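One chain, subunit A, links the two complexes that follow: it is found with subunit B in the first and with subunit C in the second.
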Partner chain A sequence: MSGILASMIDGLLIGSVYGLAAMGLSLIWGVMDVINLTHGSMIALGMFGMYLLFSATASNAYFLLAPLIVVGLVLGIIVYWLAVNWVVDRPILMSLLSTFAVNMVVIGLGTAIWSTSPYNVNFSVPGITVGEYTFTGNHIAAASSAVVIALLLELFLRRTRAGKAIRAVADNRAAAELMGISSTRVLMVAFAIGIALAMASGALVSTLFPFTILSGAGYQLKSFVVTVLAGLGKPFGALIAGVLLGLLEGAVSPFIAVSWIPLIEFGLFVVVLIAFPRGIFGKATA
Partner chain B sequence: MTALLEVQGVSKRFGGLQAVGDVSFTLQEGEILGLIGPNGAGKTTLFNLVNGVYKTDTGSIIFSGKNITGRSPDQVVHLGLARTHQIVRPLNGMSVLENVIVGACYGREYQSLRAARATALEVLEQVGMASRANSPAHSLTLAFKKRLEVARALAARPKLLLLDEVLAGLNPTEIAQMIDLIRKIRDSGVSVFMIEHVMQAIMNLSDRILVLNLGHKIAEAPPAEVVKNPDVVEAYLGFPDIVDKLRGAS
Partner chain C sequence: MTDVALELQNLESGYGEVQVLWGISLKVRAGKLTTIIGANGAGKTTTLRTIMGSTRPWGGRILLDGEDVTKLSPHAKAGRGMVLVPEGRQLFPDMSVAENLEMGAYSRRARPRQKENLERVYAAFPRLKERSKQKASTLSGGEQQMVALGRGLMQEPVVLMIDELSLGLAPVLAQQLFLTLKQLKEQGITIILVEQNVHLALAVSDYTYVLAEGRVPIEGESQQVALMDEVRRAYLGL
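Moving on, here comes the complex of A and B:
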């Protein structure tokens, strides 16, 4: 019995990292109605960014999140001007294709540089032992980092001028422009934050499991499930939904083979889409 | 008096429809200028040209001495030209206060959050919504949503306020309150350019009235003259000699 409890706690910890990744996807969708298919490749870049920085500095991996987030913001601005600004107001297929193209370019370059063989970040935080179970220190550190970043984002969105502008544009872009907000600038900032969140979550995952340049794809799919669970465009809801998804994984994993987990997750995805089309945190009326 | 807004020969065509054709007028500082015309006359299109939602095909728009032709809506707000919308557009996910704070933050004065909060509270007091500051914007009645639109525009500290049918859908009491509010806004030094279908209100409020029909200006005069103008009567009622006919009948 306590085996499943330990597994669920572990799932909860990893789930907060899923949640952080999904926040990035959700923020971009909420603000500009773009489904960002670069998400997976940016998660992978976060993993390799962590690998490179950690190899170069050998410092505490979790302190390296700050410079990686800065890199993510810059990269997000570049990708926004290259591939997103032109297609924001076009039919959604256009932004799907253009972000998918960036995804393929990044994966292609990444494969050329790092091949598709696995890498890992050799850093560990001492674990905590409770009775007969030990919780890995890295899981706890990654989960705490994810929650701290998520809270900082929420504070930024609620308590700063720029954050209020982002929420105003997400709420009603035309109204926001009439109020003097330059929506192009806001879209760029929101996209950059979304990419930085994806990279940060990739960096956190890299301290937990081995990874390849293709590993982002799986987390991208989980982000979709989490985002739909939370209701599109609800970043903080995404964190909570991520934790729930992790909890579910933890609860079922002692009983079934790991390869069945995606089946359960996507089964849940379909059920949620049918039963709660606006997500579990979505309101019935806009 | 000096001209705050000078519109010179602006036109806008949508496909085969000449929505606004060669319209010129000026708005003096401290004035309330009314804009009337039958449905489809191009009133809202003219507003959209003035505040930059649409780009003009021809003509120029000078606001407060600056040529603002081709500037985007957010840029003209920074110069002091704010607007409310015919169909209310509150930021539904935010409180009333937060809506107005955003308006102040990104208005003419680019206020800091702290200053914006003070401005927002002051403006909410002015429009009579102080007690609802913390209500969610989506929970308001239409009358309050319209006042919120006005509050948000005022928070930007405009020199000129464009009001697009702020009286539509209000009951007589609410109309009286809104008219009172518009007068107070003008008395506080903000010029007003307003589209309105409630004739009694616009005749009472406006210093001058601009009349559009089929995209063209057919009159620009004080209210008392406008109602006697045969072109205006024809545009509204369809008979060039309706006045004489009605007189003859009585």
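Moving on, here comes the complex of A and C:
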């Protein structure tokens, strides 16, 4: 019995990293109605960014999150101007295609540089032993980092003028313009934050499991599930839904083969969509 | 004649292929209340949207205090004190009343006086103070109109444009809002009012433009316009 509990706690820890990744996707969707298909490749870049920085500095991997977030913001701004600004108000297929194109370019370049063989970040934090079970230190550190970043984002959105401007643009872009808010600049900032979150979550994953340049795809898929579960455009809801998804994985994994987990996740996804078409934390009306 | 705060020269615009404004020229005098009346579809809302840049001008010029602002984006115009309280209120539904008002003070010119302006708005609409923490979407229509107007006042308007102040409001509340407008005018704010209640609009305003089919066939001091036969027949139902 304590084995299930331990497995669930572990799932909860990993789930908060899923949640952080989904926050990025959710924020971008909520503010500009763009489904960001660069998400997976940005998660992978976060993994390799962590790998490179860690190899170069050999410092505490979790302290390297800060510079990686800065890199993510800059990269997000570049991608926004290259591929997103032109398609924001166009039919959704346009932004799907343009972000997918960036995704393919990044993965192509990544494959050329790093091939598709696995890498890992060789850093470990001492675990915590409770009774017969030891919780991996990295899982705890990654989960704590994810929660701290998520809380900082929430504080930024709720308490700062720039954060409120992002929410205003998400709520009603035309009205935000009338208030003197440059909506283009706000979209750029929101996109950059979304990319930075994807990279941060990738960086955290890289301290947990081995990865390849293709590893982002699986997390992108999970991010979609989590984002929709939470209700599109609800970043903090996405964190909670991510934790729930991790918890579910932890609860079922002692009983069934790992290959069944996606089936259960996506089965649940369909059920939730039928029961709560707007997501668990979604608005009641449009 | 007093100074002209806002001037439109031969303004044209529309949506897609459809031209709505066919050369609107008007001079809005500083510190006066100017009203634009006209039938549904005459282009009143389009005129205000085009002045703000929410709808792109196709031709003509917009001058603010003599300076050409025709091509500026809405946020740049808002930054110069051109304020539109849009039709349908256009609040930020997921944000609280206080946050909606705060967004009014976003621009650099409005920021320094945010506190005083907020107190002014709460003094004018005590109901909003009681509901300051509530989400805007949970308010009644009348309260939402108060937020929309209050948010406009937070912007420190030089020219305040209001699209349908009284639409869907109880008469008592409409009257209260019109009183508020009069006070604003006394404080020296230039106001352009688009209003479906022509009686009220003519009664409170100084100067009136009548819009029909995207043109301005009639203009004049409101008292005189109110006496014109064609206006009385077409818009006042007399």
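The rule is simple: the second predicted complex is superposed on the first by the 285 of 286 C-alpha atoms of A that agree within 3 Å, B and C clash if a C-alpha of one lies under 4 Å from a C-alpha of the other, contacts with A are read in each partner's own complex, and residues count from 1 in each chain.
One rule holds in what follows: a residue touches a chain if its C-beta (ideal position, glycine included) is under 8 Å from a C-beta of that chain, and two chains touch if they have at least 3 such contacts.
Quantities reported herein were computed from a predicted structural model and do not represent experimental measurements.
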item: Clash-or-fit label for the pair subunit B, subunit C on subunit A; value: clash
item: Subunit B versus subunit C as contact partner of A:Gly131, first or second or both or neither; value: neither
item: First (subunit B), second (subunit C), both or neither touched by A:Asn172; value: both
item: Contacts of A:Thr160 with subunit B and subunit C, given as first, second, both or neither; value: first
item: Partner chain(s) touched by A:Pro91 [first = subunit B, second = subunit C, both, neither]; value: neither
item: Subunit B versus subunit C as contact partner of A:Ile181, first or second or both or neither; value: both
item: Intersection of subunit A interface sets (partners subunit B, subunit C); value: 161, 164-165, 167-168, 170-172, 174-183
item: Interface residues, subunit C side, partner subunit A - complex; value: 52, 54, 73-75, 78-79, 83-84, 86, 90-95, 99, 102-104, 106-108, 110, 151, 155
item: Subunit B residues touching subunit A - in the complex, by the definition given at the top; value: 51, 72-75, 77-78, 82-83, 85, 89-94, 98, 101-103, 105-108, 112-113, 116, 138, 152, 156
item: Sites on subunit A touched by subunit C in the complex; value: 161, 164-165, 167-168, 170-172, 174-183, 283
item: Subunit A residues within the subunit B interface of the complex; value: 159-161, 164-165, 167-168, 170-172, 174-183, 286
